[in-house]
Every structure is written in C-alpha cells, then in structure tokens.
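You will see chain A twice below: alongside chain B first, and alongside chain C after that.
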Partner chain A sequence: MSEGLHHLVHRRKGFLDRTLGEISHVVDRSFSAELSAAQGGLLQGVDARVKLAGAALLILTAAATPSHALVAGIGAVAVGLALASRLRLGELTTLWTGVLLFSGVIALPALFLTPGEPWWRVPILGWTVTTTGFRTATLLLARVLTTSTLGSVLVSTTPWHALLRAMRAFRLPVVAVVLIGMTYRYIFLFIQTTLDMLEGRQSRLAGELPAAQRRGMAVATVGVLMSKAFELSGDVHLAMQARGYRGEVHVLDEAPLRPLDWLMISALTVLCAGVLWR
Partner chain B sequence: MHIPDGYLSPSTCAVAYASAAPFWYVAMRKVKRRLHSRFLPLIAVFSAFSFVIMMFNLPLPGGTTGHATGVGLAAVVLGPWAGMLAISVALVIQAVFFGDGGITAIGANCFNIAIVGSLVASLVYRLVAGTSPTGSSRRLLGAGLAGYAGINAAALLTAIEFGLQPLLFHDATGTPLYAPYALGIAVPAMMIGHLTFAGFAEFFVSAGVASYLQRTDPGLLAREAPGAERGKPDSLKKLWAALAILMLLTPLGLLAVGTAWGEWAPEDFSKADTRREIAAVTHGQAPAAAPAGLARLSTVWTAPIPDYAPPILKNAAFGYVLSAMAGTGLIILVTLMLSALPSRTRDV
Partner chain C sequence: MAVNVFELERVSFSYRGVTALDDVSLTVPTGRRLALLGANGCGKSTLLRILAALYFPDSGSVRYHGAPLTEAEFEHDSFSHAFRKRVGLVFQNPDVQLFCPTVFDEVAFGPLQLGWPKERIRQTVNEALDYFEIADLRERAPHRLSGGEKKRVALASVLIMDPEVILLDEPTAALDPRSQSQIVALMKSWESLGKTLVIATHDLHLLTEIADDCLVLDKGRIAGRGTPAEILADESMLLRANLIRPAC
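This part shows the complex of A and B:
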C-alpha cells in the first residue's frame, strides 16, 4: 500500500476510511499476488492451465467428499504446495483469520441449533453442543479453509494474464476471457481514479461532514465514476477501432504442456480420483 | 451475499451453472447485436465500475455503513441483459482473483445477483418509472426500488439455496454436509439484513446516483428509458397481450384436486375427504376441529367473490376468467389513481 494511502486511511474514520480501507486491501492483495507469482517456486514453474485444472479438481473434491479427514488432507496438500511455492505463511494466516471470522459466525450457531445427540454442555450458559452440530460446523469450516487456501495458492503463483490464457483451454468463450482481462485492467484504473477523487475531496475538508452530506458525497463519487466509465468506454472503443478491431476477437495459440506439467496434473487427477472413489 | 466454496453441494453448483448459462448466452447475443463493436469496451468498463463500487461503504441512517452491488444501477443505465453480463464479469473477477465468493459457486452467485437481481431490478424500474420523464422524481423512486428489489430477490434466492442444503445433502447420521441451516433459519437470517441495511444501501446508491445523473448527465438515464421521450413504450402492447393470455389461463387452477396446503376453511376440518388430505400432509396430526382463532377470524371479512366463483355464474371456468379480469381491473385502477398523484419534475 502506498504511503499516501496509509496516510489517508489513518487520518479519518467513517465512510472515507472504510472505503479507502477496502480499496487498499484489494490493491494490496493484487500487488502481493503479482509479486509472489514472479518468485521462483514449485508452482510458479508449472503451466497455468495445469494449475487452474488442478485447483478446480482439488476444490471440487474437497466440496464433494463428506470426510473431515480427507478435506483436511487436501488442505494439507494445499499448504504444502503453498510453502513449496515460497508463499509467506503470514499471508495464509491472514487469509485463514478472515475466513474463520466470516464462516465462524455462520458455523457457530450450527453447534447448538443442529438437532442431534448432546455432546457437550457449555458451562454457565448451559447451551448444548450436539454431535451432528459439531460435525457439520467443523466440516463447513474445514471445507471453506481448504478451498480458500487452494484459490489463494492458484492466484498467488500465477500471473493474471497467464490465468486468463488458461481459461481459454477450458473452452471458455474467447469473448468472455477478453472481457474478464479488459475488466481486470480497468479495475485498477478506476481504483486510481476513485483514490484521486476521494483524496481531492478530503484535502478540502476541515472537519467531519454530517451524515447526509457524507451520503451525498458517496453517491456523487459513484455518479462521477459512472460518467467517467461511459466516457472511457467510448474512448477505448475508438482506440480499438483505430487498431483494426471490428468486433471479432483473435488470440494467440497456446504452447504445449511440458513433462513437469503432465506429471503434476496426472498426480492431482490420481489423488482426486482416489479420494472420490475410495 | 457472495457464497464461498463449501456452502453449496457440487450438484447445486452444477445446477446453478446450468441455470445461468442460457441467460449468459441470450444476454451475450442480445447485447452484441445491439452494440456490435462497442460491446467489449462498454461491458468491460462497466464491469470494472461495478467492481469498484462494490468496495464503497455507504453511510446509512443510524450510523452504520453498507455495501451496494450496483445491480440496480446496472439495470437502470444498461438494462437487464447488459447489466447481468457486467455484474457477472465483476463477480467472476471477485471470485477468481480476490477470493470473494467461491470458484465453484460462481454460477450460483451470478445467477442470484447478476441474473435474477438484474431482471427483478429492471422489471421493478420499468413498472415504477413507467413512461415518466427522465428528470422526474418517479424515476428516482423507480431506481431506488429497483436496487432494493434486485438485491432482496438475490438474497432470497441465496437463502433458499442455503436452506435446501441440509434437506438434500446429509450423511447417514443426519449431519448436514454443506450449509447447515434449514429454510426456517436461513431465510429469515439472510432476509433481515437485506430487507434493512443492505437493501437500504442499494436503494440509496441507485436513487442517489440516478438523482446525480439527472442533474449532470441525463443522457445516461435516457439509454434505458425509451418511453420517456415518446410517451408510450413499445413493450406495453406485449405486456397487455401477456396479461390477457394469463387471464384466459386462470381456469387451469380448476384441474388441481384438493385444497391448497394451509388454505383450509373452518368447515374443511369437519369434512371427511378434506380431513384425510390434512392428515396426509401433517403426519396424521389434523386437529379434531377448526382451531378457535381460525374459526373466529374467518368471519371478520366475507369476500364479494369467494373462491373466484361469482354467485351469479354457474360455469366455474368463466367465473375464474371474470374474477381475473375484475382483479386486474382493480389493480390497474389503483395504479392509475396513484399515478395521477402530482409528481415533482426536475429541470434537466
């Protein structure tokens, strides 16, 4: 996160603070993913198509199996791959904390609300945790932790343009892939534009605005952003036409897979098949 | 509301992808035909815009803040088809690149928020805004309600998907394998937050930005308001035709046997055949007589046309059609009376 952004985030609380916090979080994650994708680790050397297929296979397997142990095993594979790819454990723990906070709030009541045999009574409160409640809550948390780790490992070891190219290998329409790629680029342009607008406005504020004016400021910012979006789409369209674009999308062919890629996808396929057909 | 991986079973996710696919296909064809070479830049830029405004924390009355999805705005400015594509792309990027929403749940999230949300928002916007001028306060109300209805329709669908999981997917001991709460918990838990905070956030963003555009860039609001210039939208004829067909089809209800669940009249509890029906659907727990409260309250109001069968008619099918016409006429009358209320028009 840039110095200016840090300064903005810590200067004022409320709408601006929270919005800037969200934006900085997105920028942070993206920068961090791009940096780790450029490092030399196990998965960084694997073809993006293999990583995408492997992550999808493992996520599907973790979602399909009803066994705690197998979900935990897939989670351990994900952590192992992350460490072999030189991803920082700190990043993973930040991810897990967020996941546990969000999904924990959802899973916690299931301990008491799911009908089943009493398993443990909470002292003082007297609430009863049921065996089925405990199993369903822990299975949900294990699944969410495992799948979010796999998603994070995929994005953190694959440059975004390689990930987009990989999507084409799975018969995703070219137009959809180009659309996602263009959108990804413009997201960062709009983030910068939003930061400029909010910073410009904040630098002119001497005190805290009343709630109604803060709401007005928020919708005006969104409105300006929308007007800019339409202007920009017109400019981009003209620029594309100037370069010969006539509504048809063409992309370069993919390079063939290497032996390491075949080895990796074969190993993951065998692992997932073994889990599902055990 | 973005469903992460692990909350829905793989088969639910597959059904969601299959449900979303035809909408994506039709939307892609419709929007490409309309925009041709402008399709890519417009949808890409608007998707990026949608992504960024999902990060905005809007101050709400009561001192809290809420997020908006932009589903109402997309429907108002782009229309339902382009809107559902733009929001879908934003959701895919959130899931794949930023881990917000699951990869297996992309189909479900897109179906709930981008597709159903956009269609409901667009329908509400067209119904409320009608052919009013782009600068009218009725369009603001339409935009706000579009956002509110769109996000709540998406939330309801999400809650239903969650609520179906423990019913459909559990192991031999009854342990739910995915989202653990049944419909009775999932629906209120999801809807309370969306009918209040999230719904209001969407309402304020949609109406607020529409108001801002009325003052600064009214052309953007005119894109999806064809009736505002000419006075009557083309689609109204189709709506009338569809309404007429639906009215003619109302006697189809006569084909159904028995009484609808929970619509029993006090006298049904004393009829042998209806008692058998009630017992069959309540695990044999049909009360011996009509509950006292039901018996007392059922006499408070007597409908002029009970059971859609006007007493003057002997033909039940014709009675249904006549009831449909009378009901529709009453609704149109009330709507016209409300429309006749003075509306404040802004100078644009």
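This part shows the complex of A and C:
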C-alpha cells in the first residue's frame, strides 16, 4: 500500500489531499510500529501488562516530581530502554522535535510571566526571564519529552492487540476495549477506502480542477464515505449477531502473570513510591 | 426429523420501500448444496440473510427444521444460541466479518459468544487454524491480510462452530486463482461431511463442482430452478437473468 500512497501524496496539492497524505503516513508509521513490536529486543519480550503498568508508574512519577534531575533520569531510562529494544533513534528525534515545538509554544510565556528573581533579560525586547519561570518551563518540557518517550517506547514495542488485552487486565470495561479495537481496525479500512476513491478520481482527471469543483468533490467524497460507514457498521453488527453476539461481548481470559512479572511491577512501584516520598 | 432444513413460503422483503425479494418460495433439503444465481442486486444476499435469521420477511414464512423463524423466537437465548451454532453465514466482504484485533480472537469470537468452555475454545481454535492453514497468522491483525487469507479466516471463524448449514455469499469473488481453488476444494470436502450448503455466486463455471441444485433469481423473483446441467442448458433464462452476455 505505502508505495501507491506516497505516489499519491507527492502528486496531490489540495487541503484534503494533503490531509490524506498525512493520514496515510500515519498508517505507514503504525505498520512500522507493528514491525518494531515484532522484532527481538529487551522490551519486546516483556509481558504487555508489565510494560503498561511500568510506563504508567514512570509517567506518574515524572508528572508528580518537582525534581529536574529525576525527570531527566527517567527520560534517560526511557531512551536506554528504546535503544535496548532496537528502536531507531531517528524516530525518537522526530517525536521530540514535534513535542518540543508544541509544548515549547505553551511553555514560552511561563518564562516571562512567572514571578521570581530576574535571571536574564532578552536583548532589544527587554523582557525578563525569571529563575522560577525558567525552572517551570524547562520542567514542563522535560516532563513532556520524558512521558512522550515512554509512551512511544510502549506502543513501539507492544503489538496493538497485546496492548488492548493489557488494558483489560487493568479493569477497563470489556466493551470499551472492544470498541477501541474495532475503531482502530475500521479506521484503517476507511482510510484505504478513501484513498481508493481518490485514486479512482485522480486516474480520471486531466489537469487541475477549479477550486470550487475540488471542494465539491471533497464534500461528495466525505458524503460517500459516511454512507459507506453507516452501511458497514450495520453489516458488522449483523456479522456479530450471526456468530452469536447478543449485546454483551465475551472474551478469553488472559494467562496469569508470572512471578517474575509481579516482581518487576512490585520493584518499580516501590522504587517510584520511594523516589516520590523522598 | 424434517427432511428440509429450510422451507420458505411466499417470502417478500424490501429495504426502505425497494423490493429485494418478491414472493419467493423454496425448500432446502438436508445435506444438499444449493447455488443461488443471479446478477448483482437480484436478492441473493438478502435471501442468505433471511436464511441466517438476520432479516425477517415483510410477508410470508420461513421455517427451520419445521419450526418458524421469527424475531420472537430469537428473544430466547436458548433458541438463538442453538440456531447460531447450527447455521453459519460467511459474508461476501470479509472486512465486514473480521472485526477483532487478531486472527486468533476472530476465530474464537463465535464460540465465546455461545458460551463454550474457555479451554475447549483454545483447543478448537488452534485446530481450526491448522485446518485452514492459517496458524502462522494467529497473532496478525486481520486488516493486514491478503484477500485469500481474509477469506480463509472468515471461513474458519464460522466453521469453528461446526454448523450443519453453511451459507456462503460469493465465496470465490475477487480471489486469485489459487485462493479460489482452495475455497472450492474446501466446499467440495464438506459434501462428505453431510453439510447443507447454500451458496450465492456468479461463477457459472464452478456450478457443477459446488452445487447439486440451483435457483436463479431475477429482480427478487425466482426466474428458474433445476440441476446445474439443466440451468446451464437454459441459455434464454440465463440471458434474461443477466447471467450471460448476449451473443454479438
């Protein structure tokens, strides 16, 4: 799929086309995440429930601690785990760039608006960066970078279905987990359907269409997709009914955690609690 | 025990005022293989869904082993479970049928809903994965599979319940020749197991291999019925039902 998609992405110019190009890129990224989750590495061999619990504990600790050093330490652990799990550093740097841009915009005003000791004055503008403002902004950035790295490491080393099962182990209602799983699965189908429709349109076009006509076609595409979505949802419900579904989904129980898994979760819990208590 | 699995009498059905089936009467004898033929939109899929008790007719009656199939009957868990276990429908579009995160979950879905013991489910799913030669796909996401693989998973997800009646909607449509011949071989193997098959298809060249009896539908009405040889010999009827091209 990806070759055809990229071909389309490069040729498209309109807003809808660009958006779809980005969506198709997300699909490709999800595929590469599935591949990295399947390869051998440190975290790929760990039970998804342990990874989910571990990531949640570290994220909570990073979010709760006021210590820059501790957040940086957790961040370093996350990067170390990523490397030991054979994840590409390039993917992490792409993530960090995006995160820094977004959270940087949010953190920037804190540099100047937080009351405190003056630390540095911006030349020409004359704005004053306070010590407290600097600490607040850098702590926010460090937290966001660390937690997003932990999240990325978790989803890149865990197959999606294993992550869903792990959510069930943490008492998330079965119906919610099933809905998330089905939503994820059908999003891909609809992206593929939309791209097929656009490719079909593109293959019959010669030259550029006027903007108004392009907008009309975009609206028509959305309309067709919606009607297909309604039809499909009805058919999926029938397919579920045909196999015995009667309003309540039943799922298989997971195998119990091994003593080693319990040991890892317990050790991490004690460590995080100890660090926060200090 | 009744000789006929299904008996339909003067069944009509419409979608929002558009007639899909009009005054259809037929019987499906136990252990026979019935092919439903007709052009797109002739009512084949609707008829299969009525046989699977997913739709209920606007008028007329449907009987399963002599018992009426009505919405009221399906209010009872015991009846619904017994029927769903004994009658399986494989949809034309496998994407409709494959909604679970992995192939293993997909094949296990039916038995789980029917309340089978968990240990039996694990064992039977593994056997089904082996039988359909999809054991290597067990942890794969269904949306990453090829068309032929999806079809085999869809079949496994229904056949795992060992239904006595298998309803197949265009089982060989949009498949490559190898996948098509695998599916045909499977359908032929069910004959010796005494399964009753109802197959909606366009593929006239497969008729003699996969069917004992044929029913031709045209615009929701029965246009002809007979053995594959009789149906294939009636060119004018096939032409009226848009199943063959007129000679130039």
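Here, the second predicted complex is superposed on the first by the 257 of 278 C-alpha atoms of A that agree within 3 Å, B and C clash if a C-alpha of one lies under 4 Å from a C-alpha of the other, contacts with A are read in each partner's own complex, and residues count from 1 in each chain.
Operating definition for what follows: a residue touches a chain if its C-beta (ideal position, glycine included) is under 8 Å from a C-beta of that chain, and two chains touch if they have at least 3 such contacts.
Keep in mind that this is a model prediction, so the values were computed, not measured.
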Determine, under the contact definition given at the top, whether A:Arg18 touches first (chain B), second (chain C), both, or neither.
first
By the touch definition at the top of the document, which applies to A:Leu232: first (chain B), second (chain C), both, or neither?
both
Touching partner for A:Arg243 - first (chain B), second (chain C), both, neither:
second
In the overlaid three-chain picture, which partner chain does A:Thr138 touch, first (chain B) or second (chain C), both, or neither?
neither
On the A-aligned overlay, A:Thr94 touches which partner chain: chain B = first, chain C = second, or both, or neither?
neither
Which partner does A:His161 reach: the first (chain B), the second (chain C), both, or neither?
second
Looking only at contacts as defined up top, I'd like to know whether chain B or chain C touches more of chain A.
B
Contacts of A:Glu34 with chain B and chain C, given as first, second, both or neither
second
Using the superposition on chain A described above, determine whether A:Thr128 touches chain B (first), chain C (second), both, or neither.
neither
Can you list the residues of chain A that touch chain B in one structure and chain C in the other?
160, 182, 184-186, 189, 232, 236, 240-241, 245-246, 249
In the complex, go through chain C and note every residue touching chain A.
49, 52, 54, 77, 80-81, 84-85, 88-89, 91, 93, 95-102, 105, 108-110, 112-115, 118, 121-122, 139, 141-144, 157-158, 161
Any idea which chain A residues touch chain B in the complex?
14-15, 18-19, 22-23, 26, 29-30, 33, 55-56, 59-60, 62-64, 66, 95, 99, 102-103, 106-107, 109-110, 113-116, 131-133, 135-137, 139-140, 143-144, 146-148, 151-152, 155, 160, 163, 173, 175-176, 178-180, 182-187, 189-191, 194, 211, 214-216, 218-227, 229-230, 232-234, 236-237, 240-241, 245-247, 249
In their shared complex, at which residues does chain B touch chain A?
4-7, 9-10, 13, 28, 32, 36-49, 51-53, 55-61, 63, 65, 73, 77, 85, 89-90, 92-93, 95-99, 102-104, 171, 173-181, 185, 204-205, 208-209, 211-213, 216-217, 220
Complex interface listing, chain A residues touching chain C:
31, 34, 159-161, 164, 181-182, 184-186, 188-189, 232, 235-236, 238-246, 249-253
